[in-house]
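Same chain, two partners: chain A is paired with chain B first, then with chain C.
And then the complex of A and B:
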């Protein structure tokens, strides 16, 4: 058999896999990404770096679809993401071919997580430097789901989650403010969460929504701006309400 | 397609590694292929004399209440009837059945293998595999062995989330979805009875009787079919064996022998 390169991901004396932990660091430096699950809708939002002047921003899409009913956003090394997304897309079609059924969100998440894990236990390769947020609808029951994977290859289901830069703050916000929502309310919640860490403005965030009937839809900058203004108006109203009562007494 | 040897792994450790006194556990089980480039012509004469090419009658159809599956139970090698009690309806799992036509060993082994794959799918995905998926798995495996001499003509019948399902799968790699199928040397006779008596709106008893009669008529005319006519029903709660009647007895049930008048007279005289 061919000689493998010396394995890069090996245990440390106190039981850590340093390469995996360094990969998580790379994720922490990546752009913030947030995902929220509603009763009939799932929303993904990603922080966009302020548009470089000459770059054609329409070509840079951070939220991608894996199949008609599944979408993915990620934080971390974008080049690694491209490879992972391609493999996942092939697997979605391969599943359709072998069992004549679209994949479930759980299945493709398990596949992506399995792929990420394989690269932590093979010789001569490094782990993928990204965490993904995967959203979609079950092809038969129509139930929406949100899953997250990370470089170690673990995955879990979430009602709402964030990854990437300042994900802890976003998650705290979501924990405080999450409730079962549907339709536009879910979109607003996702954008509000993202605005905690991103300078406000439609230019700096990219949002996509997915419904059972219409599949994945990227929101236009104008739409996002409109929702952001709505959110800011609500915030201002809340601030005003807080200040008003003491004056009355 | 890559040859699927997953069914050959982790079974018997004894692969005849040559040493009869202390058989060692072989590393990777594999089977050696014959030293021939033309698999279809390989030992064609031997195969022709045995001629157990799908000497059987099996049928299945979908109706209002579910799926009805029926088969005979004769195994023949040329003109020799090797068995009258072969189980030709194979229970893949509690809600899916497969029928056997062609090579008995091939059908039994690959249906068992399919059962394993279906169970693994259930465990991994926390939901039952559909009849569509199961039949596709089997068809893909058979396709990968195309030209190597497998003889399988099977119907996969079951009940899944989308309702009753029926697929015909064969060793050429073909896979057809349908509502009425009959496979085997007795199938033309079975089709005659089945097609003329079929209605979608039948009760379970009516459908079972139709299936039983179709098998009986096929065994009557086809030499390679006989034995016992088994009838199974697949419904929302899984499959259930409804009956297994000897076709000889079925013959006298459908066509009872009426004693002629002369004999009756003599009996009376004896009584008086």
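And then the complex of A and C:
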């Protein structure tokens, strides 16, 4: 049994933790996920693998709620996600039980990141192969937040971020186009960002919005399709305006 | 206390156990809902509660008596009697404590199935009246809570000793 105690995640001679870096590779292969924070709303969007015809799509929920005011989307190994989400949900309730207060977004992010870190420094286990985007509202101040964790166990707060496949392109797009938005504008921004790398159409994207009053709401395919058409119309109008030189003086 | 949107729990017994146990059940019922996306049925919650009491019974028992009331869309309202030695029984009417000797008799006399909310509250008031007149150490104030298709909520108070507001210095 002693042989299995050796840590799988050990330092390389040049200071890398290869297992963690390989885990990040696994994340890069996962479905794209994007999160945007608005002034009164937070939006999560995830790429959905196109129509697997026989699968019951209701079962595959990629955006999950951890508590009434906190939601999570992730990219990477979905099985690892299940375990992590379960532990986070237990921690949310446990926190409510012991301190009679709902968790803050930062607390639960710190907890999940701590869990991910533990598995980079224990014997015989491998790191979790997923990065998470955690959104929510502070239970008392109502301030919205977006956090990201990764397999190494680091976490930080973001105004908008993406993870998973082609996350660099999405992040570039967000950097260019981000501005403080609220309500439907935030949703549009998130979907526009996701459309950079995903085939357009409601059936390829899963979007959920969270507001202070109504908690997490998954958008229907029809709603997403409507917003996508709006975005495409705007894009077409912008293209037309560019092509036709402005004649007004 | 409100267990979830459509369930109420009334508990009596050892104060520490009462608070700790009911809050523990409440958080576990919440956890189930987050894990599975749908709430527990009243029967399931009652059986879970009873199971926890039973497990602890021969180690370190919880001295808590519980009445669990809930409304399920499919089966309508239901009431469960769970006592401190983990007896579970689905009932139409129940009472715990010294006041139960009087309340149960009033219920025997006045209860009939298919009572309306007003009739039911009236019966509760009759029980409260008995408790107030017959019990030497009757509690002065009562709260009435209801659970129906619209959810679990506080319905009314029956106070004989009001809270006096603290006058500021």
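One rule holds for everything that comes next: the second predicted complex is superposed on the first by the 241 of 249 C-alpha atoms of A that agree within 3 Å, B and C clash if a C-alpha of one lies under 4 Å from a C-alpha of the other, contacts with A are read in each partner's own complex, and residues count from 1 in each chain.
One rule holds in what follows: a contact is a pair of C-beta atoms (placed from the backbone, for glycine too) under 8 Å apart; a residue touches a chain by one contact, two chains touch by 3 or more.
For clarity, every value in this text was computed on a predicted model and none was experimentally measured.
Colleague: Quick check for you: in the superposed arrangement, does A:180 touch first (chain B), second (chain C), both or neither?
Modeller: Neither partner.
Colleague: Would you sort A:21 into first (chain B), second (chain C), both or neither based on which partner it touches?
Modeller: Neither partner.
Colleague: Should A:67 be classified as contacting the first partner (chain B), the second (chain C), both, or neither?
Modeller: Second partner only.
Colleague: Contacts for A:230 in the overlay, against chain B (first) and chain C (second): which applies, first, second, both or neither?
Modeller: In the superposed model, A:230 contacts neither chain B nor chain C.
Colleague: If we overlay the two complexes on their shared chain A, which of chain B and chain C does A:199 touch? Say first, second, both or neither.
Modeller: A:199 sits against neither chain B nor chain C.
Colleague: Applying the document's definition of touch, where does A:96 land relative to chain B and chain C: first, second, both, or neither?
Modeller: In the superposed model, A:96 contacts chain C only, not chain B.
Colleague: Let me test your reading of the model: by the given contact rule, A:239 touches which partner, first (chain B), second (chain C), both or neither?
Modeller: So A:239 meets neither chain B nor chain C here.
Colleague: Using the touch definition up top, name the residues of chain A that touch chain B in the complex.
Modeller: Those residues of chain A that touch chain B are 98-101, 104, 106-107, 110, 140.
Colleague: Give the list of chain C residues in touch with chain A in this complex.
Modeller: These residues of chain C touch chain A: 23-24, 27-28, 30-31, 34-35, 37.
Colleague: Which of the residues in chain A end up touching chain C in this complex?
Modeller: 61, 65-67, 86, 89-90, 92-94, 96-97
Colleague: Show which residues of chain B lie in contact with chain A when the two form their complex.
Modeller: Interface residues on the chain B side: 124-126, 129-130, 132-133, 136-137, 140, 161.
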